[in-house]
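Have a look at these structures, which come just after this line.
One chain, chain A, appears in both complexes that follow, with chain B as partner in the first and chain C in the second.
Our next item is the complex of A and B:
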């Protein structure tokens, strides 16, 4: 079990952060990949709300294929957190929520040099994100799988 | 009515809990820092109207970030109505960030305009306005900008202004909030891409 990648989008579709820990398939174009992912999230959310049997619509937490799972968390302000993992890691949308509350708010929002809408350069954010993800039970270093 | 009073007390408790959890800074420090801040802006802009606008703009820039901090630390979820939003701003947010209890009142008939009333204003501690500014300057106008910016990040557009200010001689502080619209989710990309 492993964690492949992490995306963070704002409301306008800008990718504020993209991290990968092991992505076996080579991606040709990072920007296109990010746009596709954002488009997917947007459509997924709309679909889920339309198909929901109860009125408020419900929120997407994760979806799984036979190869990977995508975990999703959206804040009330429209920030979208995405985690791609292999199967079997359970539901990590709560982990994404914790990353929002503890890592993002403290290191990005409170950083006076951060401009909303630009990609996150803060080393503190990236290192805290790395340590939160590596602390997950389902994370195995790429090396140990080989 | 009883359900709304029980909800009010829930929000009061949320506000108190969030206030207890947050790290505190000295109120004097806040008052003096804000005061020198306003002095600088007056030096730059001079006209009270310009100063008011600038304070509101600065408040807006604070508000768009503050909302995330607020949502994270207070744990409030979606609001079902503008009434709820106003109550949460006054009972939870004011308590959490300023340490004061504010109340909502003076709803208009369509329930899209209300007043937030608060007796103490920690920003205006020790402040006396000189006569040339005492009528025109809205000293704490930054608060209006914060409210506007924070609500805009959750898709609610409002207009906010001070109608009563203790520094001007009124008996209490009152901010009038007018609900304008809710922003719908927009497709953020161009069609040709």
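Our next item is the complex of A and C:
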């Protein structure tokens, strides 16, 4: 099990943070890839909300394809946290929620110099994010693959 | 508990839709058509976003939400079988493979059935009902 990448989008679709730990298939264009991801999440969220047997409901937690899984968490303010991992990682949307509560709120929201909508430059955020992801059980394989 | 079944052809058009439970979302037929095409495009984009090379390139197989799960099966010919069910439902993959067998037997072998057109075969409906009952019985 490996962790591939992390995206963080705001309400407007700006990618505030993109981190990559392992990406065997190289992207041709990073901005296009981020736009595609945001668009996919938007469409997926609407799709699931319509299909849900109970209204309101149908909040996406994760999806799996034959080779990867995408875990998703959206805060009440429209902030979208995305994690790409290999299959078999279980449901990591709770992990994303913890990253929001413990890492994002403390290091970004409480940072007086942060401008909403700009990409996150704070070293503290990036290092705390790295350590949270590395602490995951499924990250062990990243090390063994190197 | 199963909620809804969609069968989508390789162009993304809905060819069959059925609700199995009163608790399933009740939408108009236009809505179902739109949802089927939306799922088809979502699957295509998810293939592009893959961080790893994929041998088959099938896209989304399973979506988990807080109120339902969605399992999809895509055949080599591009026909997609999509089922939504309550979160604790098991064996959806096998159920879809069984549906694919029934599709091959009762829809494709029907000489009056035109490929990629909406499915209107009586035997398909009967066998589908039977497969659903078997699945409900097996999981309870």
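Here are a few things to note about the model shown:
Quick note on the criterion: the second predicted complex is superposed on the first by the 142 of 146 C-alpha atoms of A that agree within 3 Å, B and C clash if a C-alpha of one lies under 4 Å from a C-alpha of the other, contacts with A are read in each partner's own complex, and residues count from 1 in each chain.
Definition applied: a contact is a pair of C-beta atoms (placed from the backbone, for glycine too) under 8 Å apart; a residue touches a chain by one contact, two chains touch by 3 or more.
Keep in mind the model is a prediction, meaning the values are calculated, not measured.
Placing chain B and chain C on a common chain A by superposition gives a fit, with no clash between them. An angle of 110 degrees, to the nearest 10, separates chain B from chain C at the C-alpha centre of chain A in the overlay. By the document's definition of touching, of the two partners only chain B reaches A:13; chain C does not. In the superposition on chain A, A:77 makes contact with chain B only, not with chain C. When the two structures are aligned on the shared chain, A:42 is found in touch with chain B, with no touch to chain C. Once the two complexes are overlaid on the shared chain, A:91 sits against chain C while remaining clear of chain B. By the document's definition of touching, of the two partners only chain C reaches A:68; chain B does not. Contacts of A:100 after superposition on the shared chain: chain B is touched, whereas chain C is not. Judged by the touch definition given at the top, the superposed model places A:59 against chain C, while chain B stays out of reach. When both complexes are overlaid on chain A, the residue A:109 reaches chain B alone and has no touch with chain C. Looking at the superposed arrangement, the partner reaching more residues of chain A, out of chain B and chain C, is C. Between chain B and chain C in the chain A overlay, the least Cα distance found is 15 Å.
With the contact threshold set out at the top, residues 39 of chain A are in contact with chain B in one structure and with chain C in the other.
Chain A meets chain B in the complex at residues 11-13, 35, 38-39, 42, 75-79, 100-101, 104-105, 109-110, 116. Residues 64-65, 67-69, 71-73, 77-78, 153-155, 187-189, 193 of chain B touch chain A in their complex. Against chain C, the residues of chain A that register as touching in their complex are 4-5, 22-25, 33, 36-37, 39-40, 43-44, 46-48, 50-55, 57-68, 70, 84, 86, 91.
The touching residues of chain C, counted against chain A in their complex, run 3-4, 21, 23-25, 27, 31, 35, 38-39, 41-42, 45-56, 58-68, 70, 84, 86.
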